[in-house]
Amino acid sequence: MGWNNWNAFQCEVSEELLLQTAQYMVDFGLRDAGYNYIVLDDCWSSGRNDSGYLIANSTKFPQGMPPLISDIHALGFKFGIYSSAGVLTCARYAGSLGYEQKDADLWASWGVDYLKYDNCFNQGQSGTPKLSFDRYKAMSDALLNTGKKIVYSLCNWGNDDPYDWAQTISNSGRMSGDIIDTFNRPDARCPCTETIGCTWPGFHCSVMNILNKMPPLSPRTMEGYFNDMDMLEVGNGGQSDSEYVLHFSMWAMNSSPLLIGTDVRKLSPANLAIYSNPAIIAINQDKSASAAHRNWRYRVEPDEFGEGEISMWTRRLSNGDMVLALLNAGKTSLQMNTTLGEIFLDFPNLRNQTWDIHDLWANRMSDDEARRIIEERNVAILPNSTTRFNATAMSYEDGIKNNHPALMGSSIGLIEPGNTFEALVERHGVSIFRLKPFE
Amino acid sequence: MGWNNWNAFQCEVSEELLLQTAQYMVDFGLRDAGYNYIVLDDCWSSGRNDSGYLIANSTKFPQGMPPLISDIHALGFKFGIYSSAGVLTCARYAGSLGYEQKDADLWASWGVDYLKYDNCFNQGQSGTPKLSFDRYKAMSDALLNTGKKIVYSLCNWGNDDPYDWAQTISNSGRMSGDIIDTFNRPDARCPCTETIGCTWPGFHCSVMNILNKMPPLSPRTMEGYFNDMDMLEVGNGGQSDSEYVLHFSMWAMNSSPLLIGTDVRKLSPANLAIYSNPAIIAINQDKSASAAHRNWRYRVEPDEFGEGEISMWTRRLSNGDMVLALLNAGKTSLQMNTTLGEIFLDFPNLRNQTWDIHDLWANRMSDDEARRIIEERNVAILPNSTTRFNATAMSYEDGIKNNHPALMGSSIGLIEPGNTFEALVERHGVSIFRLKPFE
Amino acid sequence: MGWNNWNAFQCEVSEELLLQTAQYMVDFGLRDAGYNYIVLDDCWSSGRNDSGYLIANSTKFPQGMPPLISDIHALGFKFGIYSSAGVLTCARYAGSLGYEQKDADLWASWGVDYLKYDNCFNQGQSGTPKLSFDRYKAMSDALLNTGKKIVYSLCNWGNDDPYDWAQTISNSGRMSGDIIDTFNRPDARCPCTETIGCTWPGFHCSVMNILNKMPPLSPRTMEGYFNDMDMLEVGNGGQSDSEYVLHFSMWAMNSSPLLIGTDVRKLSPANLAIYSNPAIIAINQDKSASAAHRNWRYRVEPDEFGEGEISMWTRRLSNGDMVLALLNAGKTSLQMNTTLGEIFLDFPNLRNQTWDIHDLWANRMSDDEARRIIEERNVAILPNSTTRFNATAMSYEDGIKNNHPALMGSSIGLIEPGNTFEALVERHGVSIFRLKPFE
Amino acid sequence: MGWNNWNAFQCEVSEELLLQTAQYMVDFGLRDAGYNYIVLDDCWSSGRNDSGYLIANSTKFPQGMPPLISDIHALGFKFGIYSSAGVLTCARYAGSLGYEQKDADLWASWGVDYLKYDNCFNQGQSGTPKLSFDRYKAMSDALLNTGKKIVYSLCNWGNDDPYDWAQTISNSGRMSGDIIDTFNRPDARCPCTETIGCTWPGFHCSVMNILNKMPPLSPRTMEGYFNDMDMLEVGNGGQSDSEYVLHFSMWAMNSSPLLIGTDVRKLSPANLAIYSNPAIIAINQDKSASAAHRNWRYRVEPDEFGEGEISMWTRRLSNGDMVLALLNAGKTSLQMNTTLGEIFLDFPNLRNQTWDIHDLWANRMSDDEARRIIEERNVAILPNSTTRFNATAMSYEDGIKNNHPALMGSSIGLIEPGNTFEALVERHGVSIFRLKPFE
């Protein structure tokens, strides 16, 4: 969890942007909600020096990297940096292919905690899993050689099936082309609609496009390795509130890294409320570390983009709770329903008990509360808040153990064997529930 | 033929489970029916010792492996073990990649007779047949180097087309993603519906999904190499009796290894009857060692999962008999029919003679008889039984030569050239016949 | 052109079969029609001797290979042999992988003129064009090293796109899975319906299946390299007369090697007439050496196999003549039509002249004439015959130059610019015309 | 920009053809319009000499290459030559595989400025990006070693995804099989209709086929590397005027190299008018160097080839102007419309201002003017012409900065936020507009 500048700023990076953002994240309670990585994306360098080491751009970063990173650390964050497993980065700055150890050593010496490692200009070293694996392993080895703990995040867009081989060399791997801030509009630049057999991942992929590539990959999400669905777009203006809620919820439910991808300094109350929802974040942070299963999917009347579907998703949590998502990507609001038989498809033994259903968006922070946080800054997170959670003070894991009110949503009733559960789900929206065994 | 713990127990393995199961298999007559391998799947080890040799988990296997294997041998079984052609097994125990000879030597020294060799965490060494072949050949060579006869069973889920290259290095190879105990429900985690061009085999594949990937592979099933459709689910509770009959019959007909995948200690009479059917096992064990051909396939009214098809399958046996399967994966029972022209599609000369049709499920063991076996244990298999066969006393090959009544099912009449043969086939069921030349 | 035993006899090969067949081919005028290769397929060997050289099976070939080959040569034929670029042949005899030079040397010493080189048991050395190329080039180099001229015919079923790389190392290459003697019945064992992107060519491919994979490959047929559509099935009993006419005609039109694949000793008059049609063979032997273009294709009412299409094909010949095929793979006879604009799609300049249309099956040998040849044997081919041609006496090239009556079919009228040409084409049949410029 | 002989002359090349063409291009103002490369395609050589250097065919090029190239240079052109990354060129002349440095050195010594490098007979060195990259990089290195600046143009038809790896080794790369002079007729020889997952690019690809493969590649067109859609067919007679206008416009809009592919000596007035349109060329030469985005695409009533679609394309230019194309590949003329929301899909901030719309074909040179240029030759391009532009005198970049009347088309009105813009677009035609911010 953290923040990455790319979606909102692309190459417009600077020391000031990073420090301001970090401060706002502290002030808005986002750091304490768990967003504790500040990741600097492409365009930060200005070539290599005579010894072959990368040089930070001194205009964008006048005090240089080590002091900046110290400042970020001092604010309670870890610091992430970016490069590409190619001769150039995607924005055509110097890449790390052939310079893996030099670059890893430099970053380690700076205090870098995290590397996002892209796939551009890779000199054709792709086309079989082996070619990609070997190229990405070179940096993995280099990072390990530094002796420092540096989180290693692959960004090769799902090329050559990283979900099949990246677990032994990295901590996460992108599984799709780049996201764009749109809910479900097809885009010719993101030609793949299925994970399988697609060799040109592209970019400008919609939330639904990425989400629907996940189900076949669910067995390959595990402790220590996450399938990265790309950074969050909440706040960038391309989607409605319900669409952003869906985007955030489904990323969380699939254990995708949650990286805020917007200008935090201008966050609206509604978007702060989305990013802050502790009941959803708690799912993301659950130590089960698994992805969701799409139990069913049906076509419904298409919307203006020709798209229309509803689906039901579940995920088992480490304490035995079950998460249920009823997703409506159709043209209108719909009454959706399901049964314990469908929900516990993979767990026949659990179908015959009664479950207590908690709506995880029921306690969404009000716009008034969010506005106060934005205006007053540093509004304390009370230990009994139902809308906010201080993960710096108590881990999500402990919060769940203690049935912390901020993490449980609100109980809306029981579902018994044989019953049908119904919910009205907004157009382009999702309802998310935590089912707890009723005793 | 044998038993493997995975489908029913996954990682919950122990010395006790294996020994109890072996004893039950003896007592229920399953060993004598031919199920004479006990295979221990993943999760049995606890790392490597300083010399790089695998260590058996001493909690799960307190007396250690060699004594356990001796005990299994003493009960009249061969013993199989599991590893992966990767740095980790699928459940993230130590894998054999890079340790092939050490592991093979150890297993040989223990008396292991069989290796199931998985594909997880393979360091990207896949993507062309050559990459997979070389990786799997390393273990093949290691096993051969031991000088012991160890059956080598590949489990790479059909990746890189093992049916095209594994015959020279192994005894069987999985051709699909992992089975789940369901008849035909599509599952997003098993994205491939055809063998061809599918690079992400997944898991949670239904019986019908796996079965329908077989036809293009039929020419690549041969003496010494079987296409493994994965272990049997009969008894695990996810399918109806007719679905289990179909599952068992079609696996047998395609020469897939028959590995019981359930808790034998709790076997129901109905499921014992299925596993015991000697007329079906005789097809599986026929020395023709070939797969079935799907002569035709039509769509019919879909069931609740949107699936609906009927198909007709045949397989020529080594003695000239013909097996005919009429398969109904449709919504309701159906009257199905065929002709000698269709049945002998590949054998024009055989269309013009009269055939005697034997129903291979007609003599299915009654629930009463099965219950008695389960309760009394060690009920003798009489030489003239029509429901059971003792393959320890007489091989299936000899049984067929002698027209043993347990292997022939029951004659239901003749079919003459030009006639149409009809059978009422249950919803989600199959009728299987042995056609013998009528003289 | 020649004969290969596989389609009719598979492994039932012997000295006697080859010599008898050769004699019959002489007696029936087939050798003189141009069928001057006798090719012995798989199953001829019985392992290797201590020096690593292949041994011919002495039961099947009691006098040994060199004398047999001499006999074949003495009858006016070239002799072809078979092996596989694998450790075993497809029927599991010794393969040539790793023995390329030894085997080539042996065959050269025997007087072999032609090698059919298969793809079975290739140790996974496939999956990219480079892997297949390197494997097949090893034998190409070995054959060249012998100093003898040995025609090199690849049989890797289109795997890894041989049409894209085999021209520099061989004389022909199979482009599809094995043929079966059926017109258009789909078969699950031949899963590919398009050339592109299909990785599992299979076998049991119908005539129409193979034919419709050809169009994208047409630019890769050229002098010195032919796309081999597999051996002819005419005479094997699985197709009607019009289907066999279509099969033979379209193979010829696409410059596929014409290898008789039936028992010549039992050839029917109708089938002799098909194999003998000199006007069709002349197209096959035209030195343009190119493939046909499928100018258009439409779906029509499906037949009992669910198939139904019509198509129009053309091929420009070296003397400027144009071949036109109207192909009806539909359920019933159809009146088909076309225009000069369609026929000369690729040759705009030629659309505005008048063309004389010759029906190339108009002079088909009568059953009476064919029966007389079969019964009397050695019936002389008269120089002015319209039904037979002696290519031993005059090459097809010279025959065309001289407007030999046997090569031109029969003129059925003119087609002028703007006119529509019509022909009634039988169900599952083809009409083939040679268009000559009218002056 | 320039001229290449292949589309019109194939192998009929000669010194005379090149010099005449160059002179005509000067005389018609085409050189000064920016077409300043004369590219000699395949068939110019006659093997290698004893030292392994290529020899120019002395019949076709009697004075030899260096003098010819000097003459071409003297006429104000750069000179391009052709070879193949294989052992033979596509027309089976000597190829450069294994001779990279020798050939590069020779061409550099001759004064060659540009290399078109084909993909035929590549010895199977393809199938993964790495195999193709390494093969093409060999020539890239060789060209760089010469110390001369030689533009390097890859022609591997999109095989192995050059758009993913060729930017670091070349200046442009073909992204599809060869073009044929047809608008949208499907052709079995060009089997790929999508960029993705297609392994057999073929040839005889229509304008619409190639165009619709571009959208997924748009992010991989950039300064220094262009996706080459193949040479222009304008003038070769296979398309209508509106189709040629579309072909030329869309190639320009996608930054494809503009290579005249017809017999310049016989250019018609209409075709000269198309090739000369400076407002369209200015888009092509815009230093944004990017490709167009296909914002939407819909099916409409099919034409006689079964094809029918309309689409809307945009491209942002370096000065902030926006290009809009409304493309009608349907059966009849259609009234098409769009909005600022659609046009500025990727630029939300720009949707809320008013834009001045310039029709870029409004000032198309009249047939009378074009006829006069063709007849009188060397008609001066006046500095204030609205129909012609002298890029030798003033760069397109400066022309745009100065709002040169020849580059701006003609303003047809404003579009304000919320308005719908409409245009009547011809059957098989396109309307192209430059939108300038209205202040």
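Should a chain be cited, it is by its letter among A, B, C and D, assigned in written order, with residues numbered from 1 in that chain.
Everything below uses one rule, namely that contacts are C-beta pairs under 8 Å (C-beta built on N, C-alpha and C of every residue); 3 or more make two chains touch, one makes a residue touch a chain.
As the structure is a computational prediction, the values presented were derived from the model and not from experiment.
Rounded to a multiple of 5, the Cα-based rotation taking chain B onto chain C is 90 degrees. Although chain A and chain D share one sequence, what matters here is the overlap of their interface residues, and that overlap falls short of half of the numbers used. Computed centre separation for the pair chain A/chain B is 42 angstrom, with centres defined by C-alpha atoms. Centre-to-centre spacing of chain B and chain D amounts to 59 Å, using the average Cα coordinate of each chain.
Annotation for chain C: residues 127-128, 131, 197 touch two or more other chains. Residues 127-134, 137, 160-161, 164-165, 167-168, 194-197, 215-216, 218-219, 222, 293-294, 297, 348 of chain D are the ones that touch chain A when the two sit in their complex. Of all residues in chain C, those touching chain B in their complex are 87-88, 92, 121-128, 131, 188-192, 197-200, 202-203, 237-238.
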